[in-house]
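In this document, chain identifiers A, B, C and D correspond to the written order of the chains, with residue numbering beginning at 1 in each.
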Amino acid sequence: MKQIIEMNRAASGRALPVATLAAVCLASGLASGLASPVARAQAGAPIKIGFNTELTGPWTFFGNSCVAGLKMASEEINKAGGVLGRPLEFVVVDNQTSPTQAVAASRNLDVNDKVVALSGPTNSDTALAIYGYAEQQKLPYLVPVAAFPQLTKPGTRYTFRIEPNAAGWGYSLARFLEERKPGARVAMMYSDAALMRAVVAGFKYQAPRSKLNIVADILFPQGSSDATVQAAQVRAANPDYVILMGAGAFDNVLNNQLIDLGVKPEQMIHPFAMTTMIFGWGQRSAGAIYGTFFDHGLDGLTREGKDFITRFDAANSRPPSYVENYCYNTPYIFKEALALAGSADREKLREAFTRLKTREVTSGIPIAFDKNGARKEYIYFMQIVSVDGKRTYKSRQIHYAEWDADDIPVYELVK
Amino acid sequence: MTDATLLVLASTLSTGLILGAIFALVAAGVTIVYGCVWLPNASNGQFFLLAALAAWSLAGAGWSSAAAIIGVLFMGIALSLVIEWVLVRRLYDVPERNVAYFVVTLGLTQIMSGIFAMSWGLWSDQFTLPPLVDGITMIGPFPMTNNRIVVLAIALGVLAVLFAALRYHPYGRALRAVFQNREAAALRGVNVRAIYRLSFLLGSSIIFLGGMLFALAYSFDLTVAWTMSVTAFAIMIVGGPGSVLGALVVGMVFGFTQAIVSIFASPTAATFSYLLAMLAMLLFRPSGLFNR
Amino acid sequence: MNGRHLAIALAVAALAAPFVLEGNRFLAFVFGIVMINLLWASGMNLLYGFVGLMPLMFAGIAGIAAYAMVALTREAGWSFWLATPVAAVGAAFVGVLLGLPSLRLKGFYFTLCSLVIQSVLTLAFTFFPRFTNGDTGLNQIEPPAWGGVQLAGVWFDATLSVVAVVGVLLAAWIVQTRLGQRFIAIREDDVLAEVMGIDVVRNRIIAFFIVSLYAAVGGCFYASYVGFISPRSFDVLTSLGIWLCVAFGGRGTIIGPIIGTVILAPIPYLLQELQAFKDVLSGVLIIVVTLVMPAGIHGEIMRRRSLRRAAAPPTVSAAEAVSSNGGAR
Amino acid sequence: MSLLQVDGISRHFGGVTALRNVDVRMREGETLGMIGPNGSGKTTFVNIVTGHLVPDGGRLLFKGTSIAGAAPHHLAALGLTRTYQAVRVFGGLSVRKNIEAALLLGLSGAPAAAEQDELVHWLRLDHRLSSPAGSLTLFEQRRLELLMRLLQRPSLIMLDEPVGGLAVTEVREMIALLQELKARCSIFVIEHTMRVIRELADRVVVLMAGEKIADGPPADILRDKRVVEQYLGTAHA
């Protein structure tokens, strides 16, 4: 990189076109040769896994959070001797939150780095783009954080997904509300994004079966900035619960404007939440309910889980959420699967994933994949107790649910 | 009228006013720079975002929101001076300078979004400024936060001052003279380059302020930059480049359109409606509503 | 080496490259992407370099065609080779229809309008999930087939080379016809062109239609080559990227956009390890080029050459004069 | 039948009246001059007749057909063309390319190669064919402008200050060229310099603040008291 900067400085001199050309060629040459191996002092060539994630673009934060969790676990594994006597190396590549770049990056990892498997995306768009490549090229693909159902549609062979599918979240939410208040009046406000559409599809499927009454259903386009009018409409509909999911910062806007208008935190349900989102809602949201798959306030954390939380918090000044947890678990799942496969062979690894029976190291929740690569589904519902500025928050577990992916016609609900 | 109807009505008014005022402010900044310097600043959304992020960081470091805003405004002026000195002034005499400016500011956009991704993008996925003032004022059945009332007042106040200054202050009159005809202005002894610099500074500062007001009224993330760029350009097209009155009126119309259409149809329809309104406008009055 | 030799050399290089790169599927893929971008850039150059309009809804038109092509092949069961021309002509008509109000506008105003049109299209792509599957996008798009055999690997890359070479040659041919001469007159001075009896708006519409065809054909090949499209595949940043290839290489010449595309298009793919730094790098590159050589790389080379020649009697050819002045008014 | 018939045209910009109720008629073969101080509406008048501006009201007839609202390229095909006060050629293209651009219109009566050469020679541009038009001297550019218009065989050419910015000797040469031009088409000429009008025009129209105040042979106009008081007195200063 230093060289490139110097070339650019030279480029402002006389021989500009030539220098610029040279800089670009040099940069591209450098990059293609730069497979970024952080060599670890261990016997045997490392087992390479392509980690194709969002380091720039709209999903910057998620990709980088994920990599933070990933690095902690892979260092632990390699300190403890790696797997099959070889270190585990995650080749992290930026897909710029762009599906095209994700396809290209997959190809790069496959062809140039000769990785044994792919992993990495935290976004359904890029995850789906990589899905196409992995299935076509017969490359095992473990998706850490992407909830869009079609990633494990019938006929899927090489893709395995750690996060439960989003239609299931909506389904379980409806059952949770039925239990909490039979016949409840529910309002929904959400951004127009694949994830939110899938959650809503699951919820709308189950709502009549659970005898819930949907009194408002408001979809916002991406890039919305204000929801005061809709919040007023929702309040006028007098719901018992408001389900809200905004894309990015709009989530916070929805939350704040509802509270400003007098909706009580106890009435607000967030189908999913990450640490930064809870910080954004703030202390005034104490009492609100959110769904998650991992939280430092869970009842059943393992010793490793507590340790992970402490160390992640120390390094990043915030407790981890489910995104970091899944990415932390990813290397462990690979380790188990590779050990089961007995070699770093793509076909054997795929086959090992189908047989794998393990648990999340952090929470002890079982991990096993069905014939389409989907996992036994589960969700926690938590209630916010208090939020302490931007540093930490307290929450308590109020509900846990498990169900089979086949309990609802997921792939018909979400195309 | 029932309370529920009143509630929706009042919320429409509040949304329309706040969104409209912020749109108008940012568009005014853009229109001054484009109308006068002929500089279509593709990175104005990034400027907007930078101000909001900088204020967020200062607030995180313990500054009050008011102090953060003033601090960022000064930093913003300094930054605009640097950018003017390093990039903008090099193109004052280039014949095709609007195109050249667009490219240069696109480059700037790339650089800034790269920097944002490597810094703030790693710290959080959403940002909120603490309110300037606490408390809620009831307007009939509608509870409006005092913070948003203050934001609205500042935005409208700045627009009023801007409007008056362009009309009555000698600098403002010189600025308008350059808007209308730079050769004639130069002949009359106006220092055109100084006016260029002034309008770049003025426009940028207004955009910086707009970013911070937006951050006070709403939460924001890194995607707001592009949305704001496009909206501001659209307002400028409809209102007419260089027309602050056009920015004000059209900004308000856009704000209210979003609020009102979303009552009857959906928020998506609202976004569609103002983009399509703009296209229709071009068919009948391509020079913008408020240009001669 | 004169223009004809250069053209033949470049065409041979483009057609041979897929076979040279066959050993590395990643580089071959990047090459294929570059070929699609080359087609797009030479189309963009027709409008931006020869008529003087900067169409930022370029990617949106490519998107319309790509979605239409997928719908026709998937739902109506058409072959790619039938669906592509139909989708392309359809998308070009839609493009002209959308562009019609703004085609009456001049220069930069047109650009701003096209920016907003592009935003409408992006919004529309997410708003009609029935055809586009919303922002989730469509994946596993089948590659085109020749006589029942699906195009894959080196043969797909080679097909893209052929398409790109034909596109560039077609552009080179168009600009030296009477139509192309009219485009240049309009770019140089649209008011004067009008007085010289050239129907400016009508010629702009023709140019816009041709350019939309380039965008649309590229969009169809892109969809089947990458196998995945979503609204973000065809957003304004895509348009800007293509435009940048033209401006960077040197607009208003045939060779300029080729230079620009070959240098710029692979960067995001080859610099994936550099993460956000590549944004900064390309930003700096853009600014430096604009400030130091505003006519693009090729324009700068030509300017220097003509400066050197200025010592001798002034025999600057018209083409060079165009590229060094190259104004879009 | 008049070649050009302008009846009662007016044009406002915002609150300012640029032209009010102006009538002008021109016969085939006539050379008509138009004078008036800066801002009196002369260029606005030409802009309206040549389709660059739409009048607020009034009638425009060229060769007996209405041309109100017609686009300039349409008028060019009808044989009505113009030059500009600030000379307007394709500065980035060579002289030869400029000539080719002028022939793009593709009229059936386009001049044959021999006639083209004759025109180029008459306007003394033979030796500059491969130079970029922007590098020509002002006088050469004005001649090129004339050449490009003549290649289109206009029946009426409207000249907006054809000697503006030229040196004294060049003015003399230009007037000589324009005298010869009379044989080729009808001429409408806007001028500041009285000398041009006196030597060229068969008839003169005087505009003041957007209104026609006089219309007649140059000799009469130059004696007209109102014209002398309001215009000539200051213009010669």
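We adopt the following convention: a residue touches a chain if its C-beta (ideal position, glycine included) is under 8 Å from a C-beta of that chain, and two chains touch if they have at least 3 such contacts.
Here the structure is a predicted model, which means the values were calculated and not measured.
Student: Which chains, if any, touch subunit A and subunit C both?
Tutor: B
Student: Farthest from subunit D in C-alpha centre terms, which chain would that be?
Tutor: Computed centres place A farthest from subunit D.
Student: Does C-D or A-B have the larger number of C-beta pairs in contact?
Tutor: A-B
Student: Subunit C to subunit D: how many Å between their CA centres?
Tutor: That gives a centre separation of 42 Å.
Student: Any idea how many Å lie between the Cα centroids of subunit B and subunit D?
Tutor: Roughly 46 Å, centre to centre.
Student: Using the average of all C-alpha atoms in each chain as its centre, how far is it in Å between subunit A and subunit B?
Tutor: 34
Student: I'd like to verify one number: the distance from the centre of subunit A to the centre of subunit D, where each centre is the average of its C-alpha atoms, in whole angstrom.
Tutor: Subunit A and subunit D have C-alpha centres separated by 72 Å.
Student: Which positions in subunit D touch two or more other chains at once?
Tutor: Nothing qualifies.
Student: What residues in subunit A touch two or more of the other chains?
Tutor: 55-56, 60, 192, 221-222
Student: Where in subunit C do residues touch two or more of the other chains?
Tutor: Correct list: 123, 127, 275-277, 279, 284-285, 327.
Student: Please give all chain pairs that are in touch with each other.
Tutor: A-B, A-C, B-C, C-D
Student: Using the touch definition from the top, list the residues of subunit C that touch subunit A in their complex.
Tutor: Counting only subunit C, the residues touching subunit A are 24-27, 29-30, 33, 123, 126-127, 129, 133-137, 139-140, 226-230, 232-233, 263, 266-277, 279, 281, 284-285, 288-289, 292-293, 297, 300-301.
Student: Quick check: in the complex, which residue numbers of subunit B touch subunit A?
Tutor: 4-5, 7-8, 10-12, 14-15, 18-19, 60, 114, 117, 121-128, 136, 142-145, 214, 218-224, 227, 258-259, 262-263, 266-268, 271
Student: Provide the residue numbers of subunit C that touch subunit D in the complex, in ascending order.
Tutor: Where subunit C meets subunit D, its residues are 178, 181-182, 184-185, 188-189, 191-200, 314-318, 321-322, 325-327.
Student: Can you tell me which positions in subunit A touch subunit C when the two form their complex?
Tutor: So the residues of subunit A in touch with subunit C come to 1, 4, 8, 11-12, 16-17, 20-21, 23-24, 27-28, 31-32, 34-36, 55-56, 60, 93-96, 98-101, 103-105, 107-108, 110-112, 124-125, 128-129, 131-133, 135-136, 148, 150, 192-194, 197, 221-222, 415.
Student: State the interface residues of subunit D toward subunit C in the complex, per the touch definition above.
Tutor: Answer in residue numbers: 50, 52, 71-74, 76-77, 81-82, 88-94, 96-97, 100-102, 104-107, 130-132, 134-135, 148, 152.
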